[in-house]
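Each of the next two complexes has subunit A plus one more chain, namely subunit B in the first and subunit C in the second.
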Partner chain A sequence: MIDLVHLYRAQFKTTIAEQFQYRGALVIWLLGLILEPVIYLSVWSAVARSQGGAVDSFTAADFAAYYLIAMMVDHAGFTWVMWEMEFWIRQGNLSPLLVRPVHPIHRYIANNLTFKLLTFVVVLPVVLVLALVFRPNFTITAASALAFAPALILAMALRFALEWTIATAAFWVTRVNAINQLYFVAFLFLSGFAVPLPLLPGPVQAVAQWLPFYRFLGFPVDVLLGRLPTDQLLIGFGAQVAWLVVALWLLNATWARGVRQYSAVGA
Partner chain B sequence: MPRYLHLLWVHLRLGILNELQYRTNLGVQLIQSFMGLATSLLGLGVIFSKTDNLAGWRPAELLAIVGVYSLVSGLTQLIVRPSLSRFMEDIRLGTLDFTLTKPVDAQMLVSMRQIEVWKLVDVIVGIVVLAVAMVQLGATIGPAEAVLFVIALLAGVTIIYSFLMILAICAFWFVKLDNILQIFQSMYEAGRWPIAVYPPWLRAALTFLVPVGFAITVPAEGLVGRMTIGSILGAVGLAIALPLVARWFWRIGVRHYSGASA
Partner chain C sequence: MTSTLPDFAAPAIRVRDLRKSYMVPERESGLRASVRSLWNRQTREVVAVGGISFDVAPGEIVGFLGPNGAGKTTTLKMLSGLLYPTGGEATVLGHTPWQRGKAYLRQMTLVMGQRNQLVWDIPVSDSYELNRAIYRIPDAEYHETLAELRDLLDLGPLLTKPARNLSLGERMKCELGGALLHRPRVLFLDEPTLGLDVTAQRRIRAFIAEYAERHNATVLLTSHYMADVEALAARVIVIHHGTLLFDGVLAGLVARFSPHKLLTVDLEHPVAGLERYGEVVSIDDVRVTLRVPKGSAAAATARLLADLPVADLSVTDPPIDEVIDRVFSADEEPEVPASADEALVTTA
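Take a look at the complex of A and B:
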């Protein structure tokens, strides 16, 4: 345990140093991260305007609140492991990570969290400025903020475990681009990112409730904005925990098999 | 000019020969194009289940935007994007020397040297979607609209080429900039929708800072008969001015280049 704490601290320091070196890449990530929710926010605001102010009880101000929070939840949860893993495996970079006495996932988690801590310093002011522009209707209460904390942490853990699991596909398939893209289209429409869940057609909404995507993006947003009744809240937390267990189990299974399959291409 | 067309043809043939070695890439590209189209169409489907127009655009008109989006993205990723990526890599490695010493215009050469043939799938998808949109729009398309569309499309592609060229030339100073073309990609995503939906500051940025509006919205406007004199004049004007700026910037950049290996 003490060793792991050391590892995280060391990784934290190197990542900060690394990121300051590549400020350009940082800006590019941020631009994409910020622009995408702003696009959907603009489109849905235009829809609300064309419908005389509101779509199914969502006003432009509600959309603004929803997407500004969604931007932060997305920022907290996103990983780039699905591309990185392919690169590690194709180039054989995974080999040195495997011979270390700790699971490579620790290095990655430390790296990822540090990156987000750094970028949050930029994301927060951007959200504040956007709040001035879009005039959101934040319906946050003390209780909803309290419920948001565990929802966000579970969401981050779930997204992490799930995307790591999908990334392990790279052990068997050398070009994972198609898989990644399929995942992102599903994520876009079923997580509440392109469309807040209540606006999806009925049957799709029902499917989305059962899948993990909504649980790691739209759900925490809805929790913070107090859009969910108590029973939905409890179901949501239950679903988050259940999916997290499933994802961790899957990750363990695919990782163990994948590492055995791994033959260090290029090494 | 025939000389450059011949050069383009040679590189096209090389590109095809090269890609025929990796035929699974065609499968990957087909999936990618399909996903891109699915993203656009699902988005349209959800939105038009809630409204009958988006910032004044009707469904068939937005379909035309989807078509132009795919068409322009296919055209730029077919030649311009891969060539410019290679150009920036050449600056970093110093191998640009070999290009500069060739007896043709170096800017032309670096702009057409790498061709990703499978991106033609996006071009075809774009044309098919446009055809469907036109059928849905029915009789409203006359020869005038068709001509305006072609002019605006050519202007749009020219603008995007010049813009990407200007970004790529920055590599003469900053060397490691391989992600700069990615910035453009995330801005380009905004072009899936008519720029009228965006708030004024973003619309201005998407028109003048990153000319996505001129490249996608304006040609689609031409097709659906929404074009104003101002927007077509703006597009053509920019399509004349921006290549000149790119040329001027190229000259400064090349003068700055000293070769990395020499």
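Take a look at the complex of A and C:
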């Protein structure tokens, strides 16, 4: 355990040094990360205003609160492993990581968390400025904030495990772009990102409830804003845990098989 | 870390009938073939390593020779745990490599290409710090090893530079340093001097020899440069088309695969009609080099001395490069075929 702490600390330092080498790229990444929810927010605010102030139960201020929280949840959870893994495998860059006495996932987790710590310094003031512009209706209570912490941690873990699992497809498929694309379309519409879940048509909502996407984006947002009754809250946590178990099991299985399959091309 | 008492009688590396084949997609060129391949995908099995066996004793340095595609790198990748074999078995330091146990990975290193150990954008010493954490190297040992490596490889001025600002030779030195920080007992080196100038090659070579001796490390090394192998390895293993062609001392390779000797004769004055004594390789005024079948070298020498005004004469083996080249470029079976079993006997 202590060794793992050492490893993460060393990896943190490395990543910070690396990221500062690419300040430009960092800013562009961040811009994309911030722009996407801002676009949804602007569109939905406009729709709300044109419909006399609200879409269903969402007022423009509710949309603002929803999307500003969603921006932070998305930021906390997003990974880029689905692109990186393909690159690692096709170029053979995975090889040096595989012959080290540490699972490559640790390097990735440390990298990912460091990147987020660095970028959060930018995301937070952006959220504050946007709050001044869009005047959100934050319906946060002490209880909802308390429930948000585990919801967010589970969301991050779930998204991480799921995207790693999908990324392992690159062991078998040379071009994973089609799979990635499919995943992101599903994520966009079923997670509550493009459209908050209550605004989706009934059957789609039902499907989204059963799939993992909403559990790692819309659900933590709804928890923090206190939009869910207790039974939905409990079902939500249960679904998060269940999906996390499934995702971790899948990740283990596909990784073990993928590594056997790995042909260590190139270096 | 689990540690057992080393068994000195046991080989460090033990390989038995190790095999690896790949399924590769195959189709003819042309539009029709590519459309057909949509539903009828043809694959072909390519045998990279077709069943090789050998042992390497602790502390031994073995050169692994073979042309491109012979299966050298595939074998190294299997022994370092990177690839699962299709068949056969191997143990390295008592571990099955492809189980990738941490206890095993901590004791070995694989140097392959020049972008393994170093993080591209940060100073070399920071990459080393990361390795220190990955391999859990205790403080005292780390500083001691680092000082030793800095000394042997002359790393001092390089440690503070980001890897991307290093020249190829500098980077290779730093790669090697990073790969050895945890003092591995087994080293798999794939072309460690590739692309380096002669001075850098010599330096790396000397370093590998020094490291192996100091730490009684077992080294399996592939190289295209015969000089690497001649300088480092008393023993060579030759593989070709995925099978073991020869395993023994370097001189034995020449004896086995070269059916010729070279006679270099210094004459007192130029003479015509030298073809009678053997195949003329070169004539440079009074110095003549002849190639003669090994069996008749003695007789040819006697005739030369009897017939001609010889000032000096020497009988040598052809250069090792030439022998190797001859073995690999022959499409037919080598002139003195050796089965894997026979070859293993030569090692003893």
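What we mean here is this: the second predicted complex is superposed on the first by the 267 of 267 C-alpha atoms of A that agree within 3 Å, B and C clash if a C-alpha of one lies under 4 Å from a C-alpha of the other, contacts with A are read in each partner's own complex, and residues count from 1 in each chain.
To be clear about the criterion, a residue touches a chain if its C-beta (ideal position, glycine included) is under 8 Å from a C-beta of that chain, and two chains touch if they have at least 3 such contacts.
Just so it is clear, the model here is predicted, and its values are computed rather than measured.
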Using the touch definition from the top, say if A:Ser263 reaches subunit B (first), subunit C (second), both or neither.
second
Using the superposition on chain A described above, determine whether A:Thr230 touches subunit B (first), subunit C (second), both, or neither.
neither
Let me test your reading of the model: by the given contact rule, A:Leu199 touches which partner, first (subunit B), second (subunit C), both or neither?
first
After lining up the shared chain so the two structures overlap, which partner does A:Ser57 touch, if you call subunit B first and subunit C second: first, second, both or neither?
neither
Where does A:Arg175 make contact in the superposed view: on subunit B (first), on subunit C (second), on both, or on neither?
first
Is A:Leu35 touching the first partner subunit B, the second partner subunit C, both, or neither of them?
first
Per-residue touch tally on subunit A - higher for subunit B or for subunit C
B
Intersection of subunit A residues contacting subunit B with those contacting subunit C?
none
What residues on subunit B touch subunit A, complex-wise?
24, 27-28, 31-32, 35, 38-39, 42-43, 46-47, 49-56, 174, 176-177, 179-180, 182-183, 186-187, 189-190, 192-193, 196-199, 201-202
Quick one: in the complex, what on subunit C touches subunit A?
22, 77, 80-84, 100, 102-103, 105-106, 108-110, 112-117, 119, 121-122, 126-127, 129-130, 132-136, 162
Touching subunit C in the complex: which residues of subunit A?
3, 6-7, 9-11, 13-14, 17-18, 21-22, 92-93, 95-96, 98-102, 260, 262-264, 266-267
Using the touch rule from the top, collect the residues of subunit A that touch subunit B in their complex.
24-25, 27-28, 31-32, 35-36, 38-39, 42-43, 45-47, 49-51, 55-56, 133-134, 175, 177-178, 181-182, 184-185, 188-189, 194-195, 199-201
